[in-house]
């Protein structure tokens, strides 16, 4: 029979590059800063249109020191966590139910699609009248944004589950709940996490949109403030904070993927 | 051996309900209108906050007759088609390339995630300066919106392709192009079309966002106009037109799914 | 056919067909037979005659159009059934050991007991050292052995096996069938096994059922009255050869 | 071992191992053999000994660590190889006929020729009436026959078969092996076939290779000098029984 | 230098927001040929105020309409924009409340929730000006960010009062039968309103062009004030959806707007006062840090 030994075959350089996770993102960051500085110098646009990296950095230190940054980002983070949580949980549950009852899917899908194509500003009055101008509306908008990609990927993911394995579970007389837990969740996880990747990224925009429409706290408010005061560096600080949030969420999902899909990693070349 | 006959087993009522595609959406529509009318009567809000279905219908007929509706929806449709087309094509191509070169994926993913979390209003001046206030900016914003869900699902879909079938193609000495055409595309189609479902729906919002920021044509303009004039019925007409656009796109993708995934339909219960 | 108190499975006039895009595919009709407790029956028949379909129907995975399937109670409770599929049907996200443990986890068995039983099964099927391998890292025969282990670990009363030794080499096959016989004998199970090898059927079973394609059903129900335990030299005695020849004859129909 | 102009495959000192999460899994070492043109060789060995791995390596699907694999030219061109996998490996989105047509489509064969060749193959494998069935609607044996048809349709010079008849009933199996022999004889192919049945190996092959697990490699290379065409009564002559016994002996090592 | 050799010079004119009846003077100038008389052909563009100020400030474009405080705010950030002609007399913002709420003077706002789009922009500045001028302290009232939903929020009872544009929301509310009280900022302090804006480069290098723009613009302004009915008819070509139900209200909006315009230019002293007041206010509420030279932020040299 075959024999297992502990030797390693991989090229140590490639290994280093691919295994040290911070190396490549760092490279991208430097690349980006380089391009930005170049644009700043070459285009020679006034700073209120395109500030230099250094200006933005100075501004960042300033708002960091006077607490404005934390005051606002923490609020957005809070909205966004709630929105992401409720949006993806409800989407998953609903997606599961719909995948089991195609008739319901057909009945509801016009509403679901509709809910995705209504711009918030258009129904802002209704939202504010019904749910008030506070936290709830913003969380709702964020949750709505997250909702759809997760829902669709749950639907697609569950449909993908191998019929043979369904029969296997049936042969053990597994209950619906057991089928969900032991078969459907693990089998659709790759697609599901793909939906979460998109959803997590969109959730940031979702949280911001509500703030842009009307809010006195959060990164969206900071953007409005910066724009209102022609303080473009502040706008940039807020935008980069957003990107940071989105990238962190994305990385968390990627990390989950890597952990959950160990059995699939062999397919990576 | 087994024998094939032409009999049908399905319950004719269920069959009618599930096969006549317009029946269920129609039911949802009626349901929706009913709820709306009920809200209108019960809440008794002034019409500039919540108009009745009849008012919105009258408004629709009016803008249909004087040509405003067509003038604006056609423009949005045009933007959106371009955005959807370029967004999904570029995302698919890039997704394919990234799925083949994980190092590149790691290098680029911060940018890609970043591109998704920047609210348009925040970088509107840059977009307008670089691309002008016209059509191109709007198509660009729309394409950006479509881009990400399609990209992620291409990545996930291609990773899902069965390794056994890859070996089969290799055993025929198939070229990369042949593997793409005969294996990767059909095998990842379910997930890919899932991404397109989300992308198509989002594209509508994408097209509108640009118009809302500033434009004198399109459904986004119509929304601004209606809000500016406190003509809420007009806002509703525009919003329903958006939903109609989104639902049509969604249906087209669903139709494609049904055609392309005939082999999978047996899994529908 | 009347059910006797000794029966553990009674099938009457079973009819099964599949809905396909262009109509119905009739697969089984007129299938009648019963298995008494502690029966070891083999099912043979041409490829596509409906053997797997019959087993899947018995295991409750496919609805039947008409007829009846009865499982009389054993020790005053509904009997547990187990099915080994024709494909290995492993979960790609579970390691070898986790795949074997699946039915125990479903039955809420305590962790320790699971570990112990899984270990037993790994040894029985000769898979030591591969407990943490993923299914895609296993050879065809190893995967099939995992599938067998998975069905045995839950100790079912009635075991349906669909060509379980299909991709095992002859030695492993012999070892596995010996084990199966031992378990059957020891635990008094009812076994219905599909095989494509006539000699394997005669060698192992008390009875061999021959399933012919639609619409014939079971065309032969041949009792095999060879002494047990059976060993290799039996293959050359005349009853064995006779039975094999009869089966061969009936398969050709 | 020196390669002769008559060889169509020469393997020297082949070494293959898999990268797994906790180190390397050594599977093949010291594998040396060559097949001459028009050879029909069978490969047997215990489950997990590396038979499938060897075939997949020969077909170019797995990189090898050291050693060499050579395919001398045939008619002045690189020989075409074909591989039948141990699993049927059908594309679920292609109908039965489209699955068989795949290699022809890859070779840009004109549509008419494809249709005609596919029809031939469907008949050969007895799958008439199921041309438009999806793979999930086929029985295990039917799927395996589709896989065989798919490999034969492209008319390769060297054919690697991994337990192609594993899930076929005895009659279909006989018919398919006869067909294989006919094609081999007619078209002068080189065939290397993995089987788990010693008697099938002796019955079909010119040579039987016995592969033992790591690190032994090919432990026996037994020529079978039985006359052709072979028929059933051969199974009872002493050379046959002798060869089978030798193989049985070597498998046990 | 622009030359009037029969061919018209094409100029982009930026209007904030969307086509609107309040832009009637510009539509009139185009349709009546006042721009063409000066050798100009106007291309209208609509968009966000801040974006447009940036475009004009960077001399990507030359002319726009903007609120006075935007000039101060953007100048502090280094955008060389300036007002070349005043349009509105006063700051066009006020606080509106339903009559039944009993709010009829600034002191009544104590302890109330006041809705406004956000803590930035003209509404916010107007509110702060009103509060500062009438001695209301930061903690006397509560500002609630409600986006541009003032009318709905007031009617729906979400807030007690809302900050509004005098020419718009009050008209809308009254037209729908709501009785309201409006506390107009202009009644308490004189601040600059909307202006025609250009940038320093254009003013220095092409004063002739600026003169032409101002002349044509003012002609339209005067003509509209004198002939509101005709101006209305002309605007129909530019503003969509002026239907039977919307039209009367929008006519009212136009009327209200006209009453706020500087059809006759004010004196330099009056203007200096408005700009200085605005600058001091912005500094007081922390939106500006440094004093600017008032001479730089506007010029009357192109006025008649």
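Letters are used for the chains, namely A, B, C, D and E, taken in the order the chains are written, and counting of residues starts over at 1 for each.
To be clear about the criterion, contacts are C-beta pairs under 8 Å (C-beta built on N, C-alpha and C of every residue); 3 or more make two chains touch, one makes a residue touch a chain.
No experiment lies behind these values; they were computed from the predicted model shown.
Student: In terms of touching chains, how many steps apart are subunit D and subunit E, taking the shortest path?
Tutor: Tracing touching chains, the least step count from subunit D to subunit E comes to 2.
Student: Would you indicate which pair of chains has the most C-beta pairs in contact?
Tutor: Answer by contact count: the chains A-B.
Student: Measure off the straight-line distance from the CA centroid of subunit B to the CA centroid of subunit C, and report it in whole Å.
Tutor: One centre to the other, that is 49 Å.
Student: What's the distance between the Cα centroids of subunit C and subunit D, rounded to whole Å?
Tutor: 28
Student: Can you check how far apart subunit A and subunit B are, centre to centre, with Cα atoms defining each centre and the answer in Å?
Tutor: From the centre of subunit A to the centre of subunit B is 19 Å.
Student: Would you please write down the residue numbers of subunit A that are in contact with two or more other chains?
Tutor: Only 1, 4, 45, 49, 121, 125, 129, 163, 227, 232, 264, 266 qualify.
Student: Got the subunit D residues that touch at least 2 other chains?
Tutor: Counting only residues that touch two or more other chains, subunit D contributes 20-22, 25, 46, 48, 50, 87, 136.
Student: Note the residues in subunit E that touch 2 or more other chains, in rising order.
Tutor: Where subunit E meets two or more other chains at a single residue, that happens at 50, 54, 58, 148, 152, 156.
Student: Under the definition above, what is the set of subunit D residues touching subunit C in their complex?
Tutor: Residues of subunit D touching subunit C: 18, 20-22, 25, 44-48, 50-53, 86-87, 132-133, 137, 139-142, 145, 162-163, 166-173, 196-198, 248, 251-252.
Student: Contact residues on subunit A for subunit C in the complex?
Tutor: 1, 4, 164-165, 167-168, 170-174, 178, 182-183, 186-187, 189, 261, 263-264, 266
Student: Which residues, counting only subunit C, touch subunit A once they are in their complex?
Tutor: 56, 59-61, 81-83, 85, 87, 89, 91-94, 102-103, 105-106, 129, 134, 136, 154
Student: Touching residues of subunit B toward subunit A in the complex: what are they?
Tutor: Going by the criterion above, the answer is residues 17-18, 24-25, 27-29, 32, 45, 49-50, 100, 102-103, 106-111, 113-114, 116-119, 121-123, 125-126, 129, 148-149, 152-153, 155-156, 159-160, 163, 190-191, 193-194, 197-198, 201-202, 204-205, 208-209, 212, 220, 223, 227, 235, 238-239, 242-243, 245-247, 250, 264, 266-269.
Student: Taking the touch rule as given, give the residues of subunit E at its contact with subunit B in the complex, in rising order.
Tutor: Interface residues on the subunit E side: 17-20, 44-48, 50-51, 54-55, 58, 60, 148, 151-152, 155-156, 172, 176, 240-241, 243, 245-246, 249-250.
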